[in-house]
Structure formats: structure tokens, C-alpha cells
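Naming follows writing order (A, B, C, D and E), and every chain is counted from residue 1.
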């Protein structure tokens, strides 16, 4: 259950990342803080423009919904008070959905969250915490962490969990997102939270490693 | 473009002065196309093309649809090129009414769709009622100039690479066979158009350009972003290996001598030849990689059967 | 013929009346390439630089380097080319090409009529029919309270009570900005807000620059002929009478062109009192018309407006004398409304030109 | 065109006085001269272009299609395009709906002239392009439509009228054309200033008008629609009901002259 | 198209022209003297267009104001009735029309002396009343005439013309019938030079034939320039004669 991720892959934006897990692959770019349009401007905080573009076809309500959920996750993560009357554009391009797009968006959503964390760090925009996200599914009463496309289709319920993580990726601070659909019991939900938390913690370590590797490879060279 | 990127006057002057001395900022010669890197994704018709710092992703998808009433024997083919700020802050999300965006969309349209690069008649399933609708989604990931040329390469490579599911037609009933059941079939590609864009600079006054006879205008191939922002005019020539001009677009800009435009067309042809070969080689290589795997599977099956 | 509407049927290409009867030789024929070599208009290059010669864009005007290149030209090395279609003009060493038609280009000293387009910070922006709006600075107008009055902050706040959007005024071009736009002033009693009449507009190329652009016309009407082609017709006021009093109508004396001042004051005491009154009161920015304008005067003003339009229709340069002449010629048509007919306008234009030939006084 | 207050009051006083002096001296019922071009679009069945003396200009094309009149009731369809305005602007939409109302099949126009067979009729697509206009363009458009319809020629039908049992579409003569003979209604617009009404108000007159009246004339009588319309957005006022009567009288008295003037071309 | 012979063995085209013959070219300027600063009406074959130039004038939007030069805006209104078959939909926001507008704007941007009209807007409005092939060339000519009529300074004429390629024969100025069955090239030529401001090829043409197509196109465009020039001179002489009255 490995991920492939890298940062700083694009040249004309302030931060960028690529995040791949199973067959789902997302590229994220961050531009900001920049001058906003008048209607976007917030007097005391950084405004966020979040754009999700699907692998196939034009964006529609499905992508708008993902954008909305992402906004809910990313807004509390960014130190927005640092950049009043500025704008940050966060753009996601889904390269491969890795799930049947008509029914599911869980995999894309959680990959977008992870990619966004990497790209935001890469852009140098102030963050209050790290975050990571994982999709989960319950198949025949059995909990599956990070299900693939096939597993999603066999599931009774699907869930996306995103957690705010602090203290070098050791402490789970808050739940940023819990998005569950399908039929499930309260018990199953608790199970989802505990197993999801476990996975999120390891994932955040992996994200930290990706970032660390990048810093090591670049900073050391410039120091010498 | 939404926001104009602007460089300082001195930087602009430096680039133009260098051009007057036959030099480009990235060290290329005037006629040098950037190296093109083509990568395939996991699925058929998923291609990423990188040219210098320009990166384009193209994704082909297909579904069954109803053909247009006036063209019952043809399938549908749509190329979608929507911009997003990912490629650079000058792009607005989904807004393709800017001058450059419109030209880009129209030229790709003419180069690929109008020129019949894809055999749309081969997409017909049941005349008048069912056909394949092929969709090419072009995603601009990173823009350092040459979006049009790179997009054309990406679309053509992806079309060559793509395979649609096999189908069986019984009367009006169409059965689509999942790709793991039956080997999917490639699209019919009739020719491979390649776009080559020239950027023109006027090293002198406008008066000299209009009335003089020095013809000293500078033409460079495959400009990067900075060069694009400074250029006085542009020409996009689309050719294929059959020595056919597919499309030429010089939509205004710096007036250029007709003979030098012809020269540009011939230069574009050598690039077309080279790129066509590269595209075909890449597709073939990827195909054989996949086939190796498929071959392994089929030999296993063969063993099972015995 | 119906008296309430005249409908004329026109044939062929949509050309203006002025072209009627002008048959081009090759009409309705496809154009053959082969005759292009010989039949094209040939123009010897030497003759092009002569005064009044017609040139078109891209045409070589002269290859003589002694000329200074003015408006309507561009050059490469020794060659001077035309950038507009027009006539070659030479003033001393300055060579320029005057386009046949173009928007009004202001020059310092021009007497113009303008309309307030925008009220801005300490300035008004005035539509004078040019390429850009002209600017009228708050400091360039007379304010109620006399010349010696200093402008104050309260003036900045109540600019709309002096001049507001839509208001018409006449003014002088005080200076030109770098980009060719004009700065106006109304610091003279002959300039300012316009009242008691109606506005009409003609192409600016038909107005000839002269010393005086305000004329009293027969029938108690005064015309302000803006150089920019904006024209104001009004009831002659006491001020108008005073202006013309010392020197008469047709022979403009030195006082006419000069800014109003001591010389005008000489004319009579009653006027000087009027002047003082006007200058010191809000009256100069009033929107009220003279309540005593009679119906017959209104009709006279309409008649003048129509004859000016007739002159413009015939593309005849508009001068004080020609307006009077056209007015007299129009008197054979008792109904003012009949002057809007094409044929009538053409007849009036013709009459004016004939009368001039007979008098032997071309403009 | 915004006018100054002094200009407006001068114009208003002139127009509302007993004499009703117009700025260009016209009589209250007098039109400005018009120039008409017809038949300049060979690919349309009828075309007309009218230029008013203030250079307001309107172009109308009439194109015919054969339709099943069971399915399509409205045999006239007007579409208005005003240069510089969006197709969905309120002015364009109001004008389009008004003009379609004027040409409604069950209205005053005789749509039976378009009937080809028992099944089929001609449907006329009337495209209006207003190149420029300095005052309310409805009258100009209506006049242009009038002259375009009067210069419309349609292919002559050669198949039989009774085709209820016939499968085929009607067939037409290759060269012979028949002149369309409908008498389309004319729309007049009048400006109300004080107690006076004026035909064909110029831009400056419209600017001071208290109100405007749209009155439709068909054949030899006043027909619907009759409505008021604001000619400016600064000085609109109510008016005396007697003025409406005066306006209707004026149209009744002079509309025939306009029709005759067009007929005499 | 079997009824028509596109190019007969005797060398005649569907409308009776020879391969190197232009269509009827009827133009007039100053057709809308009140409504615009410059105007033209042009019939090139069965293409009929009205062009209005308004400006240089004060821009209505601040964003249209450039302190160094004038902003040139071209809008092309292709009417629904311009073709034989009436179009059901408006052409206003079609990509093809946007492309034509951009191409025309960029063509005249380099030819009009925009820098002498800072902070102004030059608004060009074209109405296509009827079209019959080679439209973009006709639009170029209409704009050139109207700009000159407006007295706006420009470096030279730009004349537009289209050339078709029928098998191996270039046919000057295609009509829509020809345009539908063969590839065609549109050129915008600067003055009497061989410089191209605009060059559009929208269908396949053998690379080795392009040069001959361009050659005949340039010759045709030069002839169009002469026709426009003679009309302008005719007008100018009349105007000059009138003003010396």
C-alpha cells in the first residue's frame, strides 16, 4: 500500500506536487499569495480559490462538490491571517481517477488532500498543521483501508477521513473531514476512525519523508 | 490571457538584443525545436508530453453516443482544451475566450479534427443511431511556451496509443466487451499532423518592415514563454509526412515576406518528419511493452488449455 | 407627393447622394488580372509632393530629405510616405498630409463648443468631438464672485453646481497635452455655459478657423460656430449686442478677437453693469432660459439649424456669410419643415454657391 | 445623448407650446425623409434597407421555408439584432416580442396568403438588423419590414393544392416567382410633449418627451398593439388621456399617406 | 456538385471566370458619415459587407485605455441571413468568429499607427449581409477602406484575397461553391510589397504547390489594392473639388 509522491514538479507556479496511490494520480499546483480579483478579496484573511479538473470531460457539479470538501479541509490548515487581502489559487488536475467516476469520488478527494498538503508546503505558504487523508470502505462487514476501484464497487459503505496532525506527525489534533456514504453501523464508524487514524499517521510520515528528501537533495547542495 | 505577465524593460531589451546577435536565452539555435519527451500512463490514451519546461497531459476517452443527424455514418470527435491556473498565473480557469486560447483551440481543431486525422467513419457502429464518441481532453500542466505544438503532439500520440473496447453488433443490439475480456481495438489514424510554431521579431523599425527591403525580420522556432511574450507575430504551420500542408495560421502580426514564409514551411517539414518518427517509435515501444505482458498471459492461457 | 413623408427609392450599391450619377467604367464586371499592369493609376513620384496633391496610405510623397515630416506622414531614410488619404500640405519646410476626414484635432486658441462628459477631481472632462475628451480645470473657469475670488475647497465639492454632465459650454483651447488632448478655459465672458437656444452638429472639417466664431445673425439669433463642428444657436443677448457694437457685423475689428476686457467695456455703461452683474453672480452658471423667447424666434432658430445642416449636407464649408446667405435663400420656403428635404437642401447649397460667384467673394 | 438642462427646457417649451415648434421646424405629423433600398440580397426572398436622415439605419431580410402548418402555427418569425447590443438585452427582447405580436398569424395580417397546400405553408423568417439608431427604432424597423415584405418574391408552387393524401413535399417552379401579397401592419411611434403629439421624434425630441405612444395601423384601421413606451429615462411623465386620442387621430389621418408613399416607389 | 463543372477544360469556372480573374469589386467609402467616423460598403463578388469605424475615441471602460497607444477592437457580425440557407443560431460567440476577429485585430494592430493615438479606442464593427466565399479577405478590404475613410494613420493598404487550389490549378478568389470542394488560402498583403500580414490555410494543400498559390494570391491582392486606391482617389478628388468652391 505504497504511495508515489513528489513536489516541485511544475515551473510556473509557487508550489506543486504529484500524488499517486493505487491507480489514482493527482497533480496539484499552488499559486499565491497573489493579488485577488475584487470579488474574491477578504479584508483580513487569505482568500482561497480551489479548482478541481477531472481527467476526462469538463468540470461539473461532481468537481464542484469535491472543491467544496477540499475547501473545508484546507481552510483551517492554512495560516490565513498572515495574508490579508491576498489570494491563493489551488488547482488540482486529476490525471487518473482510479475509480468509477460516476459513482465515486473518495479516492480522488483523499489524493487531492494529500497532494494539496505537499504542494502547500512546497509553496511556502504558512500552515498551522499537517494533514493527511485516506479513503476507507466496508465490504461485507470487513473494513478495508485505501480500497481500490474494484473494492469500492463491492462495498456497502465508503468513507473519506482527513485528519489534522501536529507534533512532527505524531499527534492527531482534529478531524478535518469525515465523509461517509452507504449503510454502516455506529460500531463500524468507530472502527473507521481508529483504523483511519492509524493509516493517516503513517501516511503523514510518508509525506514528511517526501518533503524531507526534497529538502535534503536541494538545501544541502546549496549550503556547500 | 487573464493577467499579463510582464518582464522588466531591461530584461526585454536583453532578450531582443541577444536575438539580434543570433542568440537565444536557452542557448538553442533559431531553428531548434526543444527535445520532446513522451510518457504514457497506465491506461490507453493517457499521454504526457514534456518539451523543456512545458508539460501537457492528454487523455482520450470514449463512449457510445448518437451521431449527428446530418452525418449518420460518422462518429463524434471532440477536442477539449480548457485552461487552468496550473499552467501559469496568466491563465484563467475554464476561460477559453481569450485571444490566444481561441487561436490555440481553433488551430488544433483545424490541424487534427478538420484535417481528418482521425477516421470518424470508422467510429460508426449502427448508422444513424449509434457511434463512438471520442473525446480528447488536453490538460495544460505547465506552460513555458509552445502549448500549441506540444498539444498537437500530445493529442496525436494519445490517439495513436488509445484503444477502444471491442464491440459486437447484433441488429440494433450492441455489446461492449470489457478490455479484460477481449483485446481492445486501436483507432483509425489517417495521418499525423504536426504543428510547428514560428515566432517573429522585428529587429528594426516598423517603417523598415513595411517599406524597406532588407527582410531582416527574425524567425525562431518553438519559442519559450518569454520569447512568446515579446514576439511581434507568429506563424503556425501544420504538416504531415506526406508533404501536405494541413493548416497554416498567420493571424496578423508582423508582416513577413512570402518567400521567407515558404522557407519556414520547408523548415517545419524536416521537424515534422523527425517528430512523426519519434511519436511512432514511442507508441510502438509502449505497445510492445504491453504486448510482452499480454504475450506472457496468453502463453499461460495456452499452457492451461493444454 | 405626400407632404408628411418623403421616401426615396435608391438603387445599386449603398452610396451617398454625392456619388449618384457617378458610374464606374467596370461595374458589374469581374476584374481581370491581365489588365492590371497597365491600367493601374500611375503617379509620377516627383509630382506627389506638390501642394494639394492627393495621396493615399503607403504612397511615396517625396524622396527629398529637406522636408520636415509632419502629421499624416512617416519616413524611412530619405523617403517620406503618406499614412492617410488626403492632400499634401506644405507650410515652410513642414510637409504633412491632411486627411480628407478625421476627428477634430484641437489646436491652441481654438474656439470650441463642448459638452461635459464627466465631473472629476478638480476638473471636468469635456466631449469636444475629438479623439479624447478635453479637460477643463476648476482653475480655468470664472467662479461666481468675480475674478479676484480665490477658489476654495468648497468649490471642489460643488463643481456640479457650476457645470454638470450634459451641460454645454463654449471655451477656448488653452494648451495641449503631450498626447494631443486639449486643456480648455472659459476665463472670459464670451465663454461659458450655453443657454437660450439649440445645438446642432456638423463635420469639423467644414468649419474654417477664423478670428471670430460668434456671430450675430439677422433675426435676433447668435451662432457660436465651434471649430470642432459643434454649433450653438441662441437668442441674441445684450452681451452679444455689445460684442458686435463697436465694429459692426461684417467687418471684424481688432476688439472682436481679443479677450473681453476694457475695450468691450467702452461700448456702453449698461453693458458694463450687466457684465459686472454676471461675473459676480451665479447667473453665469444658471440653467434658466430667457423666458421671453417668442415662437417666431424659435422658428428662426430652427430655420438657421436647418440651413446649417443643408450646407453640411452639400459639404460646403460653413462661414458666417454663408449661413446668412443660405438663410436668405431659404426664405422662398415659408415652411421651416420643408428645409429637411434633400432636394431643397441641394437647392439651397447651390444657391449659396451661385450667389457667391455673382458677388465674386469666395471665402 | 444627455442634454443640458437649458437645452431641455428650451426644447420642451418649444414643443409643448401651442404652436408646437419642433427643433427642425417640422409639422407635428411630418416625418423626416427616408431612403429605401430593396432587393439587394439575392440570397433572400425579400430585403430592404431604410436610412433615415439622422442616419438611423435598418436592414431586413425575409427568407422563406416550407413548413407543415399543423405543426407551426406562426408563419412569421421576427428576430431583431441591434448593433452593439446583446441578443438577450431587454431592448432587443421587447422589440422582438412586440414585432412578433404585430405579425401574429391570428392578428391583423392575412396569413392565408402563405398557404401552399392543405398541409404546407411558407414560413417567413424576418431578420432585422439595426445598424444604428438615435431614437426609438420600432417605427423604422416596422417600415423596413413593411417594404421588405412588399418586395418579397416566393417560388411558384406547381404541385396540387390538395395533398392530404400525398406523401411528397410540394414541388416548385425552377424560375417563376410570385410576389408576396400581404399588407403588413405599420407601427408608428409618437412622442408626447405636454398636450402635443409628434410623429417620428428625433433624438433630441425624444430626450424631452413626457411619454411615447406605439400605435399600429393595418390596412385602413388602428389595430393592436397600442401601448405607451418611455422614450428616455430621465423625464418620463404621465399624460392627459386626450393626448392618446389626438395621437390615434393623427395616425388615422396620416398613416394612409405613408402606405401610399411606399406604394408609389 | 455533379451539375457544375468546377473548372472546365476550356478554362472556365462555375461563374464564368478564368483562373486568374477576380470577382466584381464594388466599393464605396463614407457610406455612414453620421453613424461612424469612417465607413465602407464593399461588394466583392456576392460578399456584401458594411464596415463602420468609430474613433479614435474616448474608451468607455478604463481597461480599454492604454497610455502608450490606441486599442483596436474588431467585432464581426455575421448575420443569420448571410448565407442562402438561413442559420438557426447566432454566430456571435462562435469560435470561428472569435478567431476571425482576433486575426483581423492582429493584422491591423501592426499596420495602424496606434502609438499616435494614446488613450483612445478604435472600434471597428463589420456587418456581413451576404457571404459567398473568401470572407476573411473581404473583411480585410472593408476594414482597410473604412480606416482610411476615418482618416486614421496607417503604414499602408492591406488587401485581402483568397486563392483555391483545384487539383494543380490555383483559382484566384474562390466563391462558396468552389470553397466547398477545394482547399483555399487567404492572404492579407501589405501595400505593393510581397509581405504577408495574414496567411490562413484551413485545408490540406501539397507543400510544393503552396508557393504558386501564394504568387497568384499576391498578384490578386495587388490588383485589389489598386481597385480600392482608385475608388479612394475618386472620392478624394470630388471632396477636394467641393471644398475649393
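Going forward, a residue touches a chain if its C-beta (ideal position, glycine included) is under 8 Å from a C-beta of that chain, and two chains touch if they have at least 3 such contacts.
For reference, the UniProt names are A = ZYRO0C12496p; B = Exosome complex component RRP45; D = Ribosomal RNA-processing protein 42; E = Ribosomal RNA-processing protein 41.
Here the structure is a predicted model, which is why all the values come from computation and not from measurement.
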| item | value |
| --- | --- |
| Shortest contact path, chain B to chain C, counted in steps | 1 |
| Third chains touching both chain E and chain C | B, D |
| Centre-most chain, if every chain is reduced to its averaged C-alpha atoms | E |
| Chain pair with the higher count of C-beta pairs in contact (A-B, B-E) | B-E |
| Chain whose average C-alpha position is farthest from chain A's own | C |
| Where chain D and chain E are represented by their mean Cα positions, the distance between them in whole Å | 33 |
| Inter-centroid spacing, chain D versus chain C (mean Cα positions, whole Å) | 36 |
| Rounded Å distance between chain A and chain C, as computed from the means of their C-alpha atoms | 69 |
| Residues within chain B bordering two or more other chains | 207, 210-211 |
| Residues of chain D touching at least two other chains | 40 |
| Residues within chain A bordering two or more other chains | none |
| Pairwise chain contacts under the document criterion | A-B, B-C, B-E, C-D, C-E, D-E |
| Parts of chain D lying in touch with chain C, wherever the complex brings them together | 2-7, 9-11, 13-14, 17, 19, 21-27, 29-38, 40, 49, 53, 199, 204, 254, 257-258, 260-262, 265 |
| In the complex with chain E, residue positions of chain D that touch it | 40-44, 54-55, 57, 59, 61, 63, 65, 79, 81, 83-84, 87, 125, 127, 129, 131-132 |
| Parts of chain B lying in touch with chain E, wherever the complex brings them together | 97, 99, 102-103, 105-106, 109-110, 114-115, 206-207, 209-211, 232-233, 235, 239, 243-259, 261-262, 265-266, 269 |
| Chain B-facing residues of chain C, complex | 58, 74-76, 79, 81 |
| Sites on chain B touched by chain A in the complex | 41-43, 46, 48, 53, 55, 57, 59, 61, 80, 82, 84-89, 93-94, 135, 137, 139, 141-144, 225 |
